[in-house]
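In structure tokens below, several structures.
In the two complexes that follow, subunit A is the common piece, with subunit B as its partner first and subunit C second.
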Partner chain A sequence: MALLRIEDLNIDYMTLRGRLRAVKNASLTLGEGEWLSIVGESGSGKSTLAMAIPGLLLPPGRIASGRIIFQGRDLTGMSRDELRRIRGSEIGVVFQDPLTSLDPLRTIGDQMVEAIMEHRAADSKREALEMASAALESVGIPGNRVKYYPHQLSGGQRQRVMIAMAVMLKPRLLIADEPTTALDVIVQASIMRLLKSLQRKMGMSIILITHDIALAAEVSDRIAVMYAAEIVEEGPAEQVIEEPLHPYTEALIKSTPDLWREKTLYSIPGNPPDLRNPPSGCRFHPRCHKAFEPCKSREPRPTRIRGRTVACHLYG
Partner chain B sequence: MAILEVEDLKKHFTQGDLIDRLLGRVRIVKAVDGVSFKLNRGETLALVGESGSGKTTTGKLILRLLEPTSGRIVFDGIDITRMREGELRRLRPRMQMIYQDPYASLNPRMEVGKAIAEPLVVHGRASWSEARREALEMLERVGLTPARDFYRRKPIQLSGGQRQRVVIARAMILKPDLLVADEPVSMIDVSMRTSILKLLLDFKREYNMSMIMITHDLAVARLVADRTAVMYLGKIVEIGPTEDMLHNPGHPYTEALIAAAPTIVRGARKPSLRIRGEIADPSRIPSGCRFHPRCPYSDGSKCVKEEPQLAGDSRMVACHYPLTR
Partner chain C sequence: MAGLARYLLLRALLIIPTVLILYTLVFVIMRVIPGDPVQAALGTRYVPPEQLELLRERHGLNDPLYVQYFKYLAGVARFDFGESLVIEGRRIADDIKDRFPATLELTIASFIVSVGIGMATGILAAVRRGSKLDTAMRVYSIVAYTLFIPWLGSILIMIFSLWLGLLPTHGRLDPRISLEHKTGLYVLDAILTQNWVALKDALAHLVLPALTLGIVLSGAYTRLVRANLSEALVSDFVRAYRARGVRERRILLHALRNSLIPVVTMMGLQMAILLGGAVLTETTFSWPGMGSYLLEKVEARDYTAVQGVVVFFSFMVGLISLIVDAIYALIDPRIRY
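Let's turn to the complex of A and B:
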């Protein structure tokens, strides 16, 4: 059975200049222990989609329609309190910048103990502190660092602490929103290895949000590519990378500089669309070198093909 | 013929407030700690490293946007290390810099066309009406068409990629001999990155300009740079022809950067990543080889005591046990 099923999800931002649909008709399925990466450029809606799952959409964002079924329950109908209980214990979340999520004036241990007690995962503070230090050990930080303040740790260590906090109550799903974008490449590689080993050890599912399709290619079981608020292609990582079906996926891969491929100076012509005024038909058609007649006028529907879902007129 | 020669360049910042000074607690941050290289006319050199490596400080020192602590900077045969601002002003049009954040580099109130034309007027190269005509040509060149329409726009009406094109146009209108580009594409969406790099390369060819590309991304260096210098804690640890260095790195740190670069190629023959930890605080630089605490090949004695110097011919490596030998 799927751990998570997103069905026809639509998310709007109400702005002064009108309604902006940030996620449009998104559907996804995530199995137990699977790693799904959602790849897209800025404004593609990838973070909005991921943040809607644990109920972390910030106003003026709101779910307009659709369902998010997690372990058989629809999260979109849940109260704030119910969602808060699920966050941390069943769904862990890691953000790009650990400094915004850690309180600079309190020790790491203190903050971890508070989260553990809130979820009643320990009977005493002493027990909670032991859990906290074990959680630090599990991400490669000595357990006695519970006494440290956030500023006493390096950027990479702080992100490890955030991961420890996100997984210490053994959630079934971890959502990581650009967790390494603020970090150097060597630290990034070590954080990705840590996430991979936690996924295996805990049998946990992961949703990684990233703008870097190469990073996604290295770690994911499945990849979903978003463009202008829509999922344009989704499928097994290896297939999406080696034989992309959607012209945007193909172009994104081609335009990503890579040390292990032939040098090319390819880039996608044009600019990403303004979501307040998206192009007619297929939203990618003004930049697409394979566009033909129906692309301008008709929106492509997601189609199942070769184990993948693709929204492109080339595939019916 | 070298357009730029940098010799043993250093920039040390003192850190600490008045009280720290009185108590003798001042720390010296060695942001750039003895950098030397030559850049030929028409050549592109990438300065690659992680945050804290000193690459951006090096770029600013070269253009005398920061005062060097010691060392020598020779631009087109002229020693500019201690040159006064008045004299420097005459050289400024020949050396330009563009920054990472196109949002911060443009005056939000100024029409972008005027922003592009302005340097010509400021440096006395043209009248406003001539400058306007050249700016329109420049807008066309960088792909912001129709130029007349774009001329009148404010930065807020442009995407990040379009703003960076404006920034490039503003720097290029003076036809500089040297461009220092500091992470010019790291804030630009992936699908448009290479188009910005291509634009820079086109200008470089047309003007026979020399370029220093500051980047944390080896894949970007590979696309644009003839040679690459890898920096670590204020020093160049390896420098040489880019492609050759990527295939056959000499310094363990270069190898680690290559190993850490993500790739879409399944089964790519990457070196394995064996280093650990993070870059040290530049106010507490490790003894001997500054990379030794993270180096899997450190011998625990010579590497800890003795600082390795850059050695070699076209490829130079600062390591007691280079991988290329």
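Let's turn to the complex of A and C:
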């Protein structure tokens, strides 16, 4: 059975200038121990989609329709308190900016112990503190750092702390929202290695949100590509990278910088559309070099093809 | 902890230059104001020149300026602010000892009222941001902020004293009630001497002035708490708390602590201003504090008294900023360098 199944999820932001659909008809499946990366440009809806899973949408965002089945239970129908109990214990989240994601006024240990006690995962504060320092050790930070305040640690160390906090109660699913974007490249690689080894050790599933398709190619089992609030292509990582079906995926791969290829970098013509007023038909058609007649008028339906799902008129 | 102690010691030492600068300023201003202070203090009364000369001699006004400057400074170090120009033989320090406790009592009471109301309304507004309740709180803050103290005071006196007859209209204590003065804070004195009749009466006298001053000052807190807390509530670390499954009520406390620094800053500023005396409140309720004292002394052109009050006030400002710095350090570990 799949760990997580997202079915026809629609997410709206109610803005002063009207409703904005940030995620449209998204469907995804994630197996136990699988690593799925959701790739897309900023504003494509990838973070919104990921944050909706543990109920962390920021207002004015809200789920308009659809289901999120996690371990057989629909998260969208849960009360706030039920959802709170799942967060931190069964679903862990790592955020983009480790510098602002820790409470600057409290020690790391205090913040960890609080969460452990909220989930009644320890009988005493002392035991919780031991768990906290063990969690720090597991991400390569000396256990006595529980006494440190966030400002006493570097950016990379803080992201390790955030990861320790997310995995300390052994969740089945870890959502990492651009966890390395705020860090320098060398730290980036070590954080990704850490996530990979934690995944192996604990057998958890990971959803990685990233704009970096090259990074996703290295670490993921599956890749989902989002464009203008829609999932345009989804499938096994290798296949998506080697033989992209959707013209947008292809363009995204072509526009990734490559150290060994001395060419001017490809860039997709035009700009991502305004979601308040999306283009008719296929949302990518104004920027697509393969666009033909039906693209302008009809919305492409997601089609299963060669083990993948793709929403493009070229394939049906 | 050693870092904290060093930090506070450094801040404490900073009080000395603060007071010195203020004292020097007042000293210079007093000397460059045209006219003779003794003549001014006596007003239009005719006093023979020999006697004027005698008065000048007595107050040391014939000494060279630097002698006057250091003589007075030496007095300040012993909590001696000189002698009144108007009332012969009256020491300014004694006046301050008489009047300051009244101001301190009113300051503490109105501080509790303003911070209590301000925090409660500000937190409500921030938590329910964008709701009707939020709008109501914001309207409250503007109205409270713009109220004129004598007007609000009179209205409250009219309702609670004249119509309902619940509370006294003015003063600190019914003259028929005797109370042994230990600290000069009547409420505290009554508790210390277990004089419950006096306690009830002192509290009754305190309610209206504290409420009037407290309400007017609370509006600014409402705004400040609302702005800072609602910013903290959408910050990344709050979302991270939520992601770990921490209860909303606890998250609110953490966010509140993170939004407290500017609030504490304003508390300090207001406290400092209040300790200088709330002139309008004191005159409305005939409250015998520093504000009305200073007003009397300015009107009487009692130069030494004005100078003494200002120097005393600079000590208070220094003390308050030391306390504020200590609270900063308690709230934010990054300040304890």
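Side notes on the structure shown:
Keep this in mind: the second predicted complex is superposed on the first by the 312 of 316 C-alpha atoms of A that agree within 3 Å, B and C clash if a C-alpha of one lies under 4 Å from a C-alpha of the other, contacts with A are read in each partner's own complex, and residues count from 1 in each chain.
Going forward, a residue touches a chain if its C-beta (ideal position, glycine included) is under 8 Å from a C-beta of that chain, and two chains touch if they have at least 3 such contacts.
A quick note: this is a predicted structure, and the numbers were derived from the prediction, not measured.
Superposition of the two complexes onto subunit A shows subunit B and subunit C fitting side by side, with no clash.
In the superposition on chain A, A:Ser220 makes contact with neither subunit B nor subunit C.
Residue contacts after overlaying the shared chain place A:Ala251 against subunit B, while subunit C stays out of touching range. Contact with subunit B, but none with subunit C, is seen for A:Ile241 once the two complexes are overlaid on the shared chain.
By the touch criterion defined above, A:Thr48 lies against neither subunit B nor subunit C after alignment on the C-alpha atoms of chain A.
By the touch criterion defined above, A:Ser37 reaches neither subunit B nor subunit C. Once the two complexes are overlaid on the shared chain, A:Asn25 sits clear of subunit B and of subunit C alike.
Of the two partner chains, subunit C is the only one that A:Thr100 touches; subunit B does not reach it.
Applying the stated contact rule after C-alpha superposition, one finds that A:Asp184 touches subunit B and leaves subunit C untouched. Of the two partners subunit B and subunit C, more subunit A residues are in touch with B. Superposition on the common chain places the nearest Cα atoms of subunit B and subunit C 9 Å from each other. Listed in rising order, the residues of subunit C touching subunit A in the complex are 234-237, 239-247, 250, 254, 257-258, 331-334.
Within the complex formed with subunit C, the residues of subunit A that make contact are 54, 56, 58, 84-89, 92-93, 95, 97, 100-106, 111, 114-115, 118-119, 149, 151, 162, 165-166. Note for the complex: subunit B touches subunit A at residues 50-51, 159-162, 189-195, 197-198, 201, 216-220, 222-223, 246, 256-266, 268-270, 273, 275-276, 278-279. Interface of subunit A with subunit B (complex): residues 41-42, 154-157, 184-190, 211-215, 217-218, 238, 241-242, 251-253, 255-261, 263-269, 271-272.
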